[in-house]
Amino acid sequence: MEKKKAGIIGATGYAGAELLRLLLTHPDVEVAAISSVSYEGQEMAEVYRNFLGRLNMVLTDQDDVIAKSDVIFASLPHGLCEEIGAKCVEQGKILIDLGADFRLSKAEDYEKWYGLSYRRPELHEKAAYCIPELHRRRLTSSISIIGNPGCYPTSIALGLAPAAQAGKIVGNSVIIDSKSGVTGAGRGLTLGSHYPECNEAFSAYKVAAHRHTPEIEQTLSELLGEPAAVTFVPHLLPVNRGIISTIYATLTEEISAEAMHALYTDFYQDEPFVRVLPLGVSADIKNVKYSNYCDLSIFIDPRTHRLIVVSAIDNMVKGAAGQAIQNMNIRCGFAEDAGIRFIPPAF
Amino acid sequence: MEKKKAGIIGATGYAGAELLRLLLTHPDVEVAAISSVSYEGQEMAEVYRNFLGRLNMVLTDQDDVIAKSDVIFASLPHGLCEEIGAKCVEQGKILIDLGADFRLSKAEDYEKWYGLSYRRPELHEKAAYCIPELHRRRLTSSISIIGNPGCYPTSIALGLAPAAQAGKIVGNSVIIDSKSGVTGAGRGLTLGSHYPECNEAFSAYKVAAHRHTPEIEQTLSELLGEPAAVTFVPHLLPVNRGIISTIYATLTEEISAEAMHALYTDFYQDEPFVRVLPLGVSADIKNVKYSNYCDLSIFIDPRTHRLIVVSAIDNMVKGAAGQAIQNMNIRCGFAEDAGIRFIPPAF
Amino acid sequence: MEKKKAGIIGATGYAGAELLRLLLTHPDVEVAAISSVSYEGQEMAEVYRNFLGRLNMVLTDQDDVIAKSDVIFASLPHGLCEEIGAKCVEQGKILIDLGADFRLSKAEDYEKWYGLSYRRPELHEKAAYCIPELHRRRLTSSISIIGNPGCYPTSIALGLAPAAQAGKIVGNSVIIDSKSGVTGAGRGLTLGSHYPECNEAFSAYKVAAHRHTPEIEQTLSELLGEPAAVTFVPHLLPVNRGIISTIYATLTEEISAEAMHALYTDFYQDEPFVRVLPLGVSADIKNVKYSNYCDLSIFIDPRTHRLIVVSAIDNMVKGAAGQAIQNMNIRCGFAEDAGIRFIPPAF
Amino acid sequence: MEKKKAGIIGATGYAGAELLRLLLTHPDVEVAAISSVSYEGQEMAEVYRNFLGRLNMVLTDQDDVIAKSDVIFASLPHGLCEEIGAKCVEQGKILIDLGADFRLSKAEDYEKWYGLSYRRPELHEKAAYCIPELHRRRLTSSISIIGNPGCYPTSIALGLAPAAQAGKIVGNSVIIDSKSGVTGAGRGLTLGSHYPECNEAFSAYKVAAHRHTPEIEQTLSELLGEPAAVTFVPHLLPVNRGIISTIYATLTEEISAEAMHALYTDFYQDEPFVRVLPLGVSADIKNVKYSNYCDLSIFIDPRTHRLIVVSAIDNMVKGAAGQAIQNMNIRCGFAEDAGIRFIPPAF
């Protein structure tokens, strides 16, 4: 197959830089252009010295990226991608938006949580939100825009899907306590990610108020077949990469850990990127780092009749760049695991 | 007042070493003896070089400590303190047990969770479990043994007490997601606390099966006035010190964040070691490190009718050595904050 | 003795905040005022939440601090303290400058390395640079301004003094490889101290070009009695606090490790804050953290005829705030260790 | 080309596990067998859960590995590989020893630093020590055993080679201050690598007494054409991976930074795995992590007439497993960068 040309808008943010790293070794893709508002005109390998000797590419602007690429990845703050999406559709290109502009199916959710309205509703009909393990069929040839899932919602949806779809949990009982590495906060300088402020520190943030909440609820409600509201509390974890979501839900009926484990194992048996761990073992960030895996561990608390799922991903891979490539692979007809079959390092 | 003589059995574990550090600058106490099974006969300052130049004391054995001290602190694995307690009572000494042997009022809880039975039930009548902010009146002159609370239960009880006692939360709805620094796992070598295995890592452990569970439920049930079962999941956090417990509970009635905050502020208004943070600010391990403070932040999730409390302590101070000294201060009639008025460093 | 009134100009930088923490528990001092350009008018306990419940003080401006205080500590970028010093002298106050404006005795060094000239040379006659263990006699009553040493130079001067003064090392052979925790870079936001950029990272910076170089050479030359040039390379270490300086120097004559160790032990025998470690043990940041100690370990490489000293301090205490208080104590006639007798925690 | 069969003796140590990870995706190799004394009979994916879903292989013993493999990698404590080497030679296999048994050309060095003698001197004639960039021509078809270089010596030899070979530095002036991540200490449990003991800590170890010293001197002496003794001081760095060696040497003549930089750039112009950084930029562990690169930065201190080189590698890749594969590639006629062309992640 001829290689597709891929481009990245917002290549100097953390997700953009990770995308670039992964795309550079993808067998079916050639990186055609990369852009950055802050570093336009500079060599990427000067901004990120890890690329030295591997990349001889100058950062340009978004129009250049769209013009030169078949598939455009955008990793930008919310509110900027409808316009880019329109250009891509016009030029017959595919846009994969790593931001929030094409994730929420209800415009009112976007307005409520992001404070913006959809200005081009017609675009959203050509768009699909896709966690591959749950929604890969959505990526038909009529789809021009892919709303790539958020990091937290990915870890949570994969952790809840088997139980929720099988009707084993009470929708409104779901509580999610998530912990994310600091790259999740981006490369922008803030006191909260200043080393001496977050090293040897740990706290919650945006308690029950994080913008990923409606995305989590959207997927959970679809799985349950009824609306569900969740309590979602993210925490900032002093590591570079990784998310653990510890998910609590009340069981609708008694079920043994073994039976629940079997349900999860069956659900994900053909999935290359979800690993249901043996009973009794907890998922750990360290075992998924630098990989596209989601590790799930399943516990039942028989004393309180709750399911507890511990879900681990690399926020920058399965939670962002890796999943975006997985979505590209599906949409473009590449092997679903092309370019993202990394074995996580042991340390 | 004449200085009391204090001794430490198990001085070379992390809690024991921290106790020693704090006792050495306590105005009302003189350290009389310290013991260690593993390092008996060695200089403490050779085992812990931070003490160099400050301590010229050789580690002895537990009988020596009991003989030389008025107040004995024991920081040992469970199952060893009934015998020590008996000796202390016999010799008219006070024992403060930092382990689990005098925490649970029901012998069956101890048997179920620790696999051991109380062999000297009469001792437990002279013993009291005491989180000072909730139970300081228990420490009357008839008490010879103090069951010093566990680290997780301390952070959780202080986080739940005002709401639970006021009947604002549904007992069986309580879910606690805790994260502890690695000193909580002790100084004993294990793969789980080997640096390359827990640095840049994060996972849950003893999911819904941690031995602190009955202690948490004991206090919560007392506060509620009825039995309550909780789901408790601890996680290992890659920092040296500190615990964050994120506590979720369903409200019994609608209540605003402001009203709940006022309830907490009132409850703790005279407490020197509990700080209820302003609304909207999350408790952070970094602001309590090396201090005896418990920081509490209060959130209401109106969408799901839940109270969320984020509770932060230093697991080695308020969660162990500091609280043990606070208990000694109360029992011995010293100022309650004597020797533990440390201002947490900013970093 | 009546308490002195102390004030801090630049209280919201890291060194300023650490000073405040230490001064708040100093037995001979009362904190009278604190200032900050960036946070003027705000509560300190809102800027640094570790102070919550311990401080009810609003940040003002430098004139307010000077007016209200007997001793003024200034922790500011270089170039700002001559003016403050002039005001202090005028008002009969003592200034302790934690910056670089009163450290270098030669104006040409200041010009060469800092790009500024001394505008008030007369002030420098009332000023003294003072590492207490080497220069405490300088702090006579005629001294109104104390140039508090830099963090790296403190660790290095204490590491070199006994050997240099005894003529055991070749001056121009000295090479110093230093490693500093990230608080040394201050609270200002930079990419270099953004958590994901410096966690799991390590590099040198300002190689053979750091502004502490002339200060290091000034002290070494005084000790040797002849001019000496050193190679000094600092590195950024992914920890919050602490400096290790590994110092290499060619021996002027054969000397055993035991003899060199004895020389160091004798030199520092009456010093409360310098600990010469037993032969064979390396100084470690962890054993001096949060304390005013300097730990020194002495090695001889007989194969290459070199002395190797590993010197460890807490950059924020002995390297800044603690030493500033030590200098105040000397100048004001307090016990030299008043308020800074902290035992370093074991972890 | 048909795939070679590769095996690993000592697969559950850190270097062994890293080797396995890299070999599993090597295009020219198939992993045939892996062994471990401690975990014989267990599934590798149970010992290292990062391999879950990617490897279905049970750990066997060394004879099994030798029998099934064409190329055998051994990652063992010193003293065990002569016997393995003899078996490999006998069976016509190639051994790549990641340990120290085939690194030193002089038996007396091995005896002096390792306390053991070479029992099979004839084997050493079929063996070659090989840092590919310096010695790749040694790996002729007559070589059956490759002594894979140590981690520190690799970083140091690459940092010194251009200047030493060109006669620009004084041999006996060389001082090396190295800092290594904790994986360098291995997976064996020790207090020194217990998380609370090495997190937020930093110290030197084996000062001027590390066993890599003779290996460093062997290569330096070859490059200089005369014997040279170095001072080498390693430090333990609180990161998982990476080594920075800061290397100091007196210049034999005046030379500008630009000229020295050109010398290095020329020397390594055709090397795929050495990157000479632009002048003024310091090598950083973060930019080589998880890759086979060695990054070098070149500084001249004109004030003291010294060359300063900062050399960065990933201790587990270029310092162990990656370089072992690079050596295999050369010896077996694969592309030298086959299986090890990883782009280092930015974070």
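Letters A, B, C and D mark the chains in the order given here, with residues in each chain numbered from 1 onward.
Going forward, a residue touches a chain if its C-beta (ideal position, glycine included) is under 8 Å from a C-beta of that chain, and two chains touch if they have at least 3 such contacts.
Please read these numbers as outputs of a predicted model, since none were measured by experiment.
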**OP:** Quick one: point me to the chain whose Cα centre is farthest from that of chain D.
**Re:** B
Subject >> Whole-Å gap between the CA centroids of chain A and chain D >> reply: 37
**OP:** Please report how many Å separate the Cα centroid of chain A from that of chain C, as a whole number.
**Re:** 46
Subject >> Euclidean distance of C-alpha centroids - chain A vs chain B, Å >> reply: 39
Subject >> Residues within chain C bordering two or more other chains >> reply: 14, 183, 196, 199-200, 238-241, 284, 286, 347
**OP:** Work through the pairs of chains, note which ones touch, and then classify the graph as line, ring, star, complete or other.
**Re:** complete
Original post:
Where on chain B is chain D touching in the complex?
Top reply: 14, 181-183, 187, 189-191, 193-196, 198-200, 238-240
Original post:
How about chain C: which of its residues touch chain D in the complex?
Top reply: 172, 175, 177, 179, 196-197, 199-205, 207-208, 229-231, 233, 235, 237-242, 244, 246, 248, 282-286, 289, 297, 299-301, 303-304, 306, 308, 310, 312, 347
**OP:** Provide the residue numbers of chain B that touch chain C in the complex, in ascending order.
**Re:** 14, 17-18, 21, 24-25, 48-54, 183, 200, 240-241, 275, 277, 281, 284, 286-288, 290-291, 293, 295, 316, 341, 343-347
